[in-house]
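Here you go, one structure.
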Amino acid sequence: MNALDYFNARLEATISPMDYLRAEQTAPEQYFLIDVRNGPNHVRSLTIKGANIIPQQELAKRLHEIPKDKEIVVYCWDVWCNTAAKVATFLLERGYKVRELTGGIAAWREMNFPVTDTSSDIVQIDSCGC
Amino acid sequence: MNALDYFNARLEATISPMDYLRAEQTAPEQYFLIDVRNGPNHVRSLTIKGANIIPQQELAKRLHEIPKDKEIVVYCWDVWCNTAAKVATFLLERGYKVRELTGGIAAWREMNFPVTDTSSDIVQIDSCGC
Amino acid sequence: MNALDYFNARLEATISPMDYLRAEQTAPEQYFLIDVRNGPNHVRSLTIKGANIIPQQELAKRLHEIPKDKEIVVYCWDVWCNTAAKVATFLLERGYKVRELTGGIAAWREMNFPVTDTSSDIVQIDSCGC
């Protein structure tokens, strides 16, 4: 495998926040976005707008909720999180068309792209004015 | 493909900020650094010192500006940006020798490596003293 | 190589902070964690708790310290650092079982996972209260 193979595979396997936002705005009916983060609800109450919440741990039993005719986009916490990659592998092996949203919720928030707060009493983490 | 193939491909396809800084200081004439970010000028006025500014959208028509005998290094915004990977693919397919600078401008700034501000009225984003 | 190959290779080659913390707590005797960062001691005095400090530059002559019967986990600074990937390649070529801890010390600290401060007079970098 050379550098070109590497880039082609990475580009086939992932989609950047900018590219997903544009793609979703252009043809929202073609995409099915999944927040696959595990962990207690209150730490993941802030989600990408429009995301379907299917934690990795519930994936196998909720597989019927995922459409086979759409492009599945999965995300977790950050670039160093492997949960989305695990879900992508699981779904690709079952014939779904899947890409990972690079950077997860962290990159999405840093871009100030639209999010949904599913909790009314969430504590803001970034409150120092940066 | 196993783990070793993965690391070899990644190391062939990318160069870290530290490694690029050292390489460029040792043999500046061997490298041609390109800032491939798209978007309005004012949001990308801070660039890596010495970078050639060729936004991805202008690449095809400005291909003649890129030397075939140098090692091309491309960068965009951050680790989750795919623009540099797209440009790398485009150039590799045309026989250029290319690597992606990992982490883009974000990693470079976090390392406090030398940058150029092409705008005199740029608004500083990180102004909280962190 | 397709997207599935890419994810499988990445998952075989890397381990996330969350997964490593859990794995290490479950079976600490199975893992051998190495901090492979180069550079002056004072800038890398904060290390992951339990890590063996073997800078990449000393690796070849200290190879005998690394057990062949454990799973080796290597880390460096951040997602954009390639030092851990270089060490992983070096060790994989010699028959070791190796994975890279994604995000390095930066991701580990952001997760507030346990660290050791080997210097009593370390200057805190993140002191703005963010």
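In this document, chain identifiers A, B and C correspond to the written order of the chains, with residue numbering beginning at 1 in each.
Please note the rule applied: a contact is a pair of C-beta atoms (placed from the backbone, for glycine too) under 8 Å apart; a residue touches a chain by one contact, two chains touch by 3 or more.
All figures in this text were calculated on a predicted structure; none of them were measured in a lab.
Undergrad: Taking all residue numbers at the chain A/chain B interface, are over half used by both copies (same) or under half (different)?
TA: different
Undergrad: Once chain A is fitted to chain C on CA atoms, what angle does the rotation have, in steps of 5 degrees?
TA: Superposing chain A on chain C takes a rotation of 120 degrees, nearest 5.
Undergrad: Any idea how many Å lie between the Cα centroids of chain A and chain B?
TA: Centres of chain A and chain B (C-alpha means) sit 26 Å apart.
Undergrad: Quick check on chain A: which residues sit in contact with 2+ other chains?
TA: 1, 5, 8, 10, 79, 128, 130
Undergrad: Using the touch rule from the top, collect the residues of chain A that touch chain B in their complex.
TA: Touch residues, chain A against chain B: 1-8, 10-11, 14-19, 79, 102-103, 107, 110, 128-130.
Undergrad: Looking at the complex, which residues from chain B come into contact with chain A?
TA: Contact set of chain B toward chain A: 1, 5, 8-10, 12-13, 78-83, 85-86, 88-89, 92-93, 98-100, 126, 128, 130.
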